[in-house]
Amino acid sequence: MGLVPGLIKGLGVTGGTMLRTIFPDGWKKPIPNPVKGAETVQYPHEKEAPPARARGVIALHEENCTACMLCARECPDWCIYIEGHKEKAPPRRAGGKPRKVNAIDRFDIDFALCMFCGICVDVCPFDALFWSPEYEFSEPRIADLLHDKSRLSEWMETVPEFEPYEAGSEAKVKKVPAT
Amino acid sequence: MPDTDLARNELVARFAAHLGDGLLESHVEPDVDVWLRVSRESWREAAEFAKNGLGFAYFSFLSGIDWMPSPFGREMDSQIDIALGNDEASKIDQTIVQGIAGGETRFQAFARVNDIVNGLGITLKVDLPDDDLSVDSWVPVYPGANWHEREAWEMYGFSFNDHPGLRALYLPSDFEGHPLRKDYPLLARRMKPWPGIVDVEQMPGEDDNEDGASSE
Amino acid sequence: MSASLNILGELSYWQQTGIRVGAGLAAVLLIAGTLVYLHLFKLVSFMQSRLGPMEAGPFGSLQLLAEVGKFLQKEDIFPRKADRFVFAAAPFVVLMSTFLLVVVVPGGPDAWFIDTELGIYLAMAVSSVSVIGILMAGWGSASKYSMLGGLRATGQLIAYELPLILAVIGVVIQAGTMNMQGIVFAQAEGSIFGWGGIGNPYILTQGVAFLIFMVAMQAELTQAPFDMPIAESELVSGYMTEYSGMRFLLFFIGEFATAGVFSAIAAVLFLGGWSVPGIDPNDNIMNVLGPVVMLVKIVGLTFVVFWARFTFPRFREDQLQRLAWKVLIPLALANIVVTGILKVAF
Amino acid sequence: MERAVSDAALSNREQLSYIAAQAADARVNVELETEGMTLNIGPQHPATHGTLRIIAKLDGEQVVAVDPVMGYMHRGYEKLAEVRTYPQVTTLINRIDWVGSFANEVPFILTAERLMEVEAPPRAQWIRTILFEMSRIANITLFLGDMGLQVGAVTPAFFAFRDREHVLNLIESATGGRFHPNFDRIGGIKDDLPAGWITETRRVMKKMRKYCDEIEILVEGNEIFQARTRGIGVIPANIGLSYGLSGANIRGSGVDWDVRRDNPCGMVHNETDWKVWTHPDGDSFARFWVRLQETRESTRIIDQLLDNIPSGPIMAKVPRIIKVPAGEAYVETENPLGVMGYYVISKGELVPYRVKIRSASFNNISITPWLLKGVYVPDIITILASLYFILGDIDR
């Protein structure tokens, strides 16, 4: 009942994959080198770099933040906690009246609750929040997942430059403020 | 695509012819969709006519709507919306305004069936008076409605006459209350204070309270 | 096992049995260990374009040690309503049948455990002991999944016992003896139409019997095309579901040891056992070289077995039974008839 | 019965043998009265994609009645959607069918766009269609590998995960999230494609076609697989329609219906020439076969779309704070699992008033009590695997 061809071809596929894994360079150089042939990335030793836009962790550029609370309000998981105060800032023009400016005392993001949706980064009118593709910030204690203001600013260095766009796109490439 | 508003108007006409005064109201959005509101008695008859008479063989879904605005408001920026029970609760207007194809009661059941051959879909609505939230079950016509009706029974409290087995679908069998009703509180949002409240304290010695970002 | 005859002669009886038992243990566990590492850890991974265990030891070689260690320190859980004695004894019965099987396999002219005239007959009789063990496990675990798995295993093993034995009869007719050494020598000295270059490995003349033997062996091991008893997508893991700790390890070792021993028997029956075409079988060197040749042949055969295991989906048990009764058994009977006629004719 | 027996044509001998046979049957029925067994498959079980529990009453290995129990994954999205603004709801709903999750956002965004009478610019619709088809590939390739696993072959599942990784990396490099892209906005999409994305996509599409060929040989061409799936779980077209089956489940029974072609909305599938695949048999093999052809078809759709992406803006003129005008709308699209639609009722506020989520797997699984009657235990798993549901899609 045509039992043989399908089964044999099936064996051929798995056998072929095995040979391709053991001899990645084909028959020209039959040196068994499975590490190169297999798709496995041996994590602690080799690390696969995530793409530039990967949403790994949120970085805070403190100077831009004016504690307008938009991100805390728009966050679906309610995991951004901000406390600020008003203070006098040096006037822009020499001799002008000192400006009243909001400064933030506390800016915490609780990554235990955060679902990495990116609404806060989109909704921030002053470009204070950026995505960095870092993903290795797991903690033994869940309470440590609450990153405070300083920890979020540390992530700023890991924020990559915005990539140029594909041909035919009219969006302009944004700049990451130098920290 | 045939000129659908013709096709859709013709649909409504045939429904009106078949159901007589069973068809209470209808609304056609040309080239987009058609809604029909039928009386409670002719709910199953409308289904049979749609399936056998007009060739709407595909059962899409069946569910309920609760038209009373939620007494808890949106719980988003809780400075405006007030928890049920204190005096400001009355500020949220509780007037019931039905949607397309009207309606008189707070609860409505609605279902959607498709005619795959020429790509038409109709939404049928029915009013369920508060004192007797029951309607004929669609299971004899569309067996697929079985689970949808169990879900509506569980979430809204509608009961469906001669449904093979109305029992809990998602919720544990000893669950009281009907969660999708608007007056059923969403507990997740009541435990935690809302972090969006703006608490930027004023400058020391400053007493003008006009600044501070408005919460809207 | 590889000591030459005279050393064995001087030892007293209990010392001899000590050596034989030690050699038997080594033969079963070493083969199982190499098979697990080579096939289950490495072959599978390469077939699925991945590396398999690489952390424990160079190229993951000590992974098996780690697994044994893990299983030994795991708690031995007995289901509450389980029949304690039957549940506890089941893995030992399954393993016992494997050890009894290996007794029959010769490793060289003098390197054998026992050399009886019964030979393959004893092996086939003993191989059905594992069915009792599996049924004990299935019934003893007092869980629906295990019982289903156990019943399926019983039906399957009994159904595939028959083609296994009928295939062996073809070989026995051609070799003229049931003694395993006899079969090996027959293949070593035999000749195909007068040309004795590579002897007469019965895979050539008994090709049909070889195929039937391999298919029936796959079913005896409850492996992939026939792994209904351990259908992990339905019965979680069939009769082994409730086992944990050391008992599960015994089942796991049993599974691979049986695979090794069955392919050893297949090597003896069809690939000329420990004999190598070039060397004279009675030469003393074969006592050392024999086991190595056997190991190579075993690994070769199990490669095919595991290759099929990791490629094919599984039969439903009624299709499985139909294949056994309607296809394999008539084929095996036909093979016996043909061999008989040819044997008489030549 | 008596009248037929006394018919003159029956000779005396036939009458006697007939009566004897009846007596024998009666005796046998009495002896064989075995007490049935209730088997619990799930909620924690390898064959259910997530936590679906099936209570099967068995008579030996044959199923007498089946009663699926759900709700272990019920998150109550319809209630949550009533207190979330529109951008927040999109982050919520791409967790319904978490395997092809960009495809969940699209129908909701299209419903909101229809209510707001906003049209996404062509480039945005193009990219939205490409990502929609890519999430279909990511979803169905997992099924192709997993169907082999359910039927017993271990290797296809690993091929599936190996090749699916490239598609997920592509989705991540464009949207930022592998599983939850959250990339669709009302009136367009969040960002444009990074440079080099198109050439990389073409390479990956070639690799996916090679994967489909491998699966075709390894699983579909395999006689054991065919023996296990042909003629198993046959769904006639009319019963499938009345249960509301959709996607490859209904196309497997010969119904030529695909929402992408029949009533397209907001996406540009019809700019490319592609074919809707159907199979007459309606058994598990047919559903598997249809999904395999659909995956190849999706790679071809993406190749054609990549050739002529128009340049231009990716976002229409939409106010920052979105207040959808009052009204009701229902848009459905051809998601990887079947037809998914959102019936959104809005009263002109920031938050939708009521969102009815019509998910495909809910209807696809509601046919199992009818379909699994009198089936063997291993066939329960084959049929469930061929219906291909994702638990989040059932429980919402």
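Going in written order, the chains are labelled A, B, C and D, and every chain counts its residues from 1.
Going forward, a residue touches a chain if its C-beta (ideal position, glycine included) is under 8 Å from a C-beta of that chain, and two chains touch if they have at least 3 such contacts.
None of these values were measured; they are calculated from a predicted model.
**Student:** Tell me which chains count as touching both subunit B and subunit D.
**Tutor:** A
**Student:** If we define chain centres by averaging CA atoms, which chain lands farthest from subunit A? Would you check?
**Tutor:** Taking each chain's C-alpha mean as its centre, the farthest from subunit A is C.
**Student:** Work out per-chain C-alpha centres and flag the one nearest the whole-protein C-alpha centre.
**Tutor:** So the chain sitting closest to the middle is D.
**Student:** How many angstrom between the C-alpha centroids of subunit C and subunit A?
**Tutor:** So the centroids are 53 Å from each other.
**Student:** Roughly how far is subunit A from subunit B, going centre to centre by Cα mean, in whole Å?
**Tutor:** Between these chains, centre-to-centre, one finds 39 Å.
**Student:** As a quick test, compute the distance in whole Å between the mean CA positions of subunit C and subunit D.
**Tutor:** 43
**Student:** Could you grab the centroid distance between subunit A and subunit D? Build each centroid from C-alpha atoms only and quote it in angstrom.
**Tutor:** 31
**Student:** At least two partner chains per residue is the criterion; list those residues in subunit B.
**Tutor:** 76
**Student:** Name the residues of subunit D that each touch 2 or more other chains.
**Tutor:** Expected reply: 85, 155, 159, 162, 218, 222, 224.
**Student:** What are the residue numbers in subunit A that touch two or more other chains?
**Tutor:** Correct list: 7, 10, 13-14, 17, 39.
**Student:** Mind giving me all the chain pairs that touch?
**Tutor:** After working through each pair, the chains in contact turn out to be A-B, A-C, A-D, B-D, C-D.
**Student:** State the interface residues of subunit D toward subunit B in the complex, per the touch definition above.
**Tutor:** It comes out as residues 70-71, 74, 76, 78-80, 82-83, 85, 114, 238-239, 241-244, 255, 257, 262-263, 327-330, 332, 339, 341, 343, 345, 347, 349-351, 354, 356, 358, 362-363, 366-367, 370, 395.
**Student:** Can you list the subunit C residues touching subunit D in their complex?
**Tutor:** Contacts found on subunit C: 44, 47-50, 144, 148, 224-225, 227-228, 231-234, 236, 310-319.
**Student:** What residues of subunit B sit close enough to touch subunit A in their complex?
**Tutor:** Within the complex, subunit B touches subunit A at residues 76-77, 192, 194-203, 206, 211, 213, 215.
**Student:** What residues of subunit D sit close enough to touch subunit C in their complex?
**Tutor:** 37, 39-41, 45-47, 61, 148-155, 158-159, 162, 218-219, 222, 224-225, 227-228, 376-381, 385
**Student:** Where on subunit B is subunit D touching in the complex?
**Tutor:** Against subunit D, subunit B makes touches at 32-33, 35, 51, 57-61, 63, 65-66, 69-70, 74-76, 97, 99-100, 110, 112, 116, 119, 121, 123, 142-144, 146-147, 155, 168-172, 179-180, 182, 184, 186, 188-189.
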